[in-house]
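Consider the two complexes below, in which subunit A is the common component and subunit B and subunit C are the respective partners.
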Partner chain A sequence: MTTISAVVPQKPWAKSSQEKLIAAGIVVLSIIATYAFVEVTPLKGKLAYFVSYFFIYVILDSLYSLTTHGVSAAKDSIAKGFITAGVFVAVMPMISILLTVFMRGRRGLNWNLFANDMSVNSVNDPIGQGGLLHALLGTAILVAIALIISLPIGILTALYLTEVKGRFASPIRFLVQAMSGVPSIVAGLFILSAIVYPITKSYSGIMGSLALSILMIPTIARTSEEVLLLIPNDLREAGVALGGTQWRTVAMVVVPAAKSGLITAVILGIARVAGETAPIVLLTGGGERVNANPFSGPMGSLPFYIWKAFAVGTEESITRAWAGIFVLLAIVMVLFVAARFLGERRTSK
Partner chain B sequence: MSEIDKDGNENMDVKPMTSSLASVAADAALGKRIPGGQPMGVGLEARGIHAWFGEKHVLEDISLDFWSGTVTALIGPSGCGKSTFIRTLNRMHEFIPGAAMAGEVLLDGQDIYASGTDVTKIRLKVGMVFQKPNPFPSMTIAENVLSGLKLAQLKVPNRDDLLEECLERAGLWAEVKDRLSAYGGSLSGGQQQRLCIARALAVRPAVLLMDEPCSSLDPGSTLKIEETISHLSSSMTIIIVTHNMQQAARVSDYTAFFLSDGGPGKMVEVGPTGEIFSRPKDKRTENYVTGRFG
Partner chain C sequence: MSNDVIAPKSIPAKRELTTVPRFSDRVFRGIVTGGGFSSLLILGLIFAFLAYQGFSVLRSQGIHFITGSAWEVVTDDSGNIIASDTKFGLAAMLIGTMLCAIIAVVIAVPISVLTSLYLTFYAPPFIKKIMIAVIDLMAAFPSILFGLWGFFILMPSVEYWAKLLHKYFGFIPFFKMEVPIYTRSPFVAGVVLAVMIIPIITSVSREIFSQTPLDRIQAAYALGATRWSMVKAVALPYARSGVVGGAMLGLGRAMGETVAVYTVLNVVYQVNWHVLLGAGGNVASMILLKFGEAGPQEIKALMAAGLVLFLLTLLVNSLANLIVKSSGGKGR
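This part shows the complex of A and B:
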């Protein structure tokens, strides 16, 4: 008789219950010590508790490691403490923003938001009257036109940099990188001084889209370039060795292989511009009624709606603004999750 | 006399090579030359090939002929220019930035480097299988096999027949016939390499270049690919680079030994595989094939 069936999987490297108890003890001790420390010193507020807790915990934990495992273990504990603190400092503002937007935004949320515009209401009217349909539709149209302009230009630029590798590749790469740092107000002022003042002399949605394209093209081009550089050169060689021209190899082998990464690049480009406010404020005129024609008349948008409602400053208008932020943030989050999902499907295949 | 030569050539094209030594004897009786001799007017002939990467001279004065229906193995230590040499035979050498070359490569008597040559047509006639299996990841097995037709914009009357024929010739049909719409990446490494062979066959090349096709494969897959090579050799010219001398001995009719003494790679010796492995003329070849270095 063998006893193989009696063998159970174990984790001999896991912490014993005694070690877990000590770890929990250090945490409890740190909390008590923090409380006492803040009481006896003139420090006040939440921040004082957080900072004192961090230092007291790191000191206690490293002292324990020093007594049980020696100097190198103590150094390890200190490093671990600082790294954990760094993560908290980085993540806390993001969580704080999301929670604030959710808590404040939900009070202004109702179905009328998606059915009405503000043409017969003012931002000071009770919540439930009027809505942000004009802003939602405006943002959708502005971003869609910007995408139609930026998608081909951005991806063709990336193909020039990675596939054609022409003589101007390195200056263009430099320019694209510099362009991705252009402040959005500069893009807005450029369109304003180059097109709106000398030529059209009126605000419209298309002008906003042109400014957004200036911001979107470098994002799409850079991300696409990185994705295309990941495609192994073997595939390009295989395509050419089968009698394909370079263009057919790129179109039939390289781009399909990079497809999901390119979709991610495009979604990141959309998310980059969806919340842009400065060029929109300068160029679109910010209408209050639903306007589906980007070529004439002022066009509303979510960033503009938020900006304007905040500026009024009454309780109702500020609630409206938070609801607008909630909707905008939800759209951007959905886009980022979609980008993540599409990007990961590639690696799992 | 020319009549006899012509008949001899035609026979060469269709006759499976059973024993290389016997055919060399027969060829010698017909007044033909072994590879490395004078132009034959058919097949693939390399004339005085040199190659450079930037300033580095990597290949010096290689002249080598490849007869239709034969398998020629190129052996030699790493860095002796074997892969660079076969990449000059289908103009893939120029794909590497900084590459340069000299000499001529005659395909059916025409220099493939002559100005005005359509390089895509050359690569259709001289196919290539790479060291690492590289099926197209966005395509299914069937699409991979037929991808050359799309890339080169060729029309065939019956794609299904061609698909089956190519997979059959590459020795993969039995394993994949029930999952032709699965992605190429789902196959094992050895199957992927045979898929790449099937893909290269679909455009009906006259010459197939294989650059260490088995170097990343296990012995079982290597054996299958060697069987595939011996089946294919009856109908096309095969040039295979290999580090595995047993493989060269098993699959090839002729063997060329390349060597670099730190400078550019040179061809030390070429001849029927049996002779290279049993009675090499050059001491360095003997040292290499008996495993004394390299």
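This part shows the complex of A and C:
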């Protein structure tokens, strides 16, 4: 029996243990130096610690690089320091937001929330009375109707851009991008000026849905377009070669192949509008009781619930607002993770 | 399973070969084209209806609607509106919109560029994957969440930063303070907006950075460049215009933001150049504020304000998209 010694792969670029030790030493040294620096100078507060740690670390690290590898290595470590700091600053708010919503939202959460509406309670009542059933139901209805309106339009737009590829494809692509920048309040004002004032003269859920669909169409159209572009042309050619018309090819080959991607587009569209507040405040009237009829009467929704509870500003109402945010954020995150999951599956296939 | 071949009773007639689409395809193409033009239709309708509703105000105020900075509805004793004294001038809010949005972009662009550089050239694949997901998630956060978070968590810190800015940079006109009110200032709104637009600018710049030609990167390394020299010599020049486009997309988003600004900013109708002072506003939040108690005439003025905001954001966004598109990459 002979033993075969496997060739151990060499990584000449990897850091040696000595280099790792020195890197750790610089970190420890700069922590100590920061502490000393903040104690000696009149600076105080968390900000002082962060800022002086950053500068001391960058100075020490670049000095070390300067002595060992010269000027350009020192510049490299300075750049690396700034880039790391930039990432830290970019991610901090995200962590802070998630933690805050979790810590503050938790206090207002209870099962009654999902069983009651606010028709007999005010936002100032003790936590545990009333709930946001009406808001959840309202948001579900608003988003569902918006989806029914936007899904065909969004996918037809994407099909026009990828399948028909008409003469106007590039201007239309440009317009869809421009449309995704329309401020949400403008969408609300548009529905007010076009439908509410001249025709219905009353607020209702459907008006909110119409405004939401204006915001939803570009998201669905752009995501679907990206997905449809990923479908290999072989499939289209195969469909046509089998004698299918373009309509049959698109309906029976291209769209089924892109199904999971199109579902991702739908989910992203829902996530985009579920928390939209401005048009909801302008258009739905914001009811306090469960109202399943989007065509008449004010309709509550999660953003409106949060908005109103926040505006009152008492301790109970603020707790309610955070609980509402917790629920809303949970919905958005679940949708988002679902979209990611489907997207992963699509690309790994 | 039988292998019998069923012979056709009669040979089918030869099909005519043609490039003319069939009827079903013509219907299909018609419907899809119709759907494709919906974005044009919707944008056109938005413009038409806002212009129609705001027309009377725009005509009576003329250029003063943009340049004037008074927003007064004057009524006589019986409550009728005196048209000659009623002034609708949007300038104060336009200035406020630009101030908040520019503060946001100034803060967000360096952070976003550094983050996207990290994601493209520095991060290990594992961290890169997580961080991209996290940043995309952050872009999907509802704006009211940013508003509440900004109000309760961020504002105390930002006030402190504002005091520091005033203390050390008070000689710059923008940072002057006659009255020390630091709460709910345009600066606070700008910081919250910056947090909101960081994900957008980061994802646009990341996409552009990741399209940097690999041969140039490898050429730089082969010539002995450090990572930073490579970034400076290759990646930044390649991505410059794309980053500018991304920044403008962020600017457009920041200008149209309503709820987050309304939550953290003390909306007061006045021209305020002092960004640290607790008064200001932007067009969108002003519309939301005035909407509740507005009479019919003022509603028309608000529609006109919405039209101005719509055109402004459309312009900035279109410009941004053109820049991003022309910088070699496809859009966001």
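A few remarks follow.
Just so we're on the same page, the second predicted complex is superposed on the first by the 326 of 349 C-alpha atoms of A that agree within 3 Å, B and C clash if a C-alpha of one lies under 4 Å from a C-alpha of the other, contacts with A are read in each partner's own complex, and residues count from 1 in each chain.
Please note the rule applied: contacts are C-beta pairs under 8 Å (C-beta built on N, C-alpha and C of every residue); 3 or more make two chains touch, one makes a residue touch a chain.
Not measured: the values here are computed from a predicted model.
Residue contacts after overlaying the shared chain place A:Thr245 against subunit B and subunit C alike. Contacts of A:Thr277 after superposition on the shared chain: subunit C is touched, whereas subunit B is not. Counted by residues of subunit A touched, the larger count belongs to C, out of subunit B and subunit C. Once chain A of one complex is fitted onto chain A of the other, the partner contacts of A:Lys259 are limited to subunit B, with no touch recorded for subunit C.
By the touch criterion defined above, A:Ile149 lies against neither subunit B nor subunit C after alignment on the C-alpha atoms of chain A. By the touch criterion defined above, A:Val327 lies against neither subunit B nor subunit C after alignment on the C-alpha atoms of chain A.
Once the two complexes are overlaid on the shared chain, A:Leu235 sits against subunit B while remaining clear of subunit C.
When the two complexes are laid over each other on chain A, subunit A has residues 245, 248 in contact with both subunit B and subunit C.
Against subunit C, the residues of subunit A that register as touching in their complex are 45, 47, 72-73, 75-76, 78-80, 82-87, 89-91, 93-94, 96-97, 100-101, 104, 152-153, 155-157, 159-161, 163-164, 166, 168-169, 172-187, 189-190, 192-194, 197, 214, 217-218, 221, 245-248, 250, 268, 271-272, 274-278, 281-282, 303, 306-307, 310, 321-322, 325, 328-329, 332-333, 336, 340. Residue ranges of subunit C in contact with subunit A, taken from their complex: 21-22, 24-25, 27-29, 31-40, 42-43, 45-46, 49-50, 52-53, 110-115, 117-118, 122, 131, 133-138, 140-146, 148-149, 152-154, 157, 160-161, 195, 198, 202, 225-229, 231, 249, 252-253, 255-259, 263, 284, 287-288, 291, 299, 302-303, 306, 309-310, 313-314, 316-318, 321, 331. Taken together, the subunit B residues at the contact with subunit A in this complex read 90, 92, 95, 120-121, 123-124, 127-128, 130, 132, 134, 136-139, 147-148, 150-153, 183, 185, 196, 199-200, 203.
Here subunit A touches subunit B in the complex through residues 232, 234-235, 237-245, 248-249, 252-253, 256-257, 259, 349, going by the rule given at the top.
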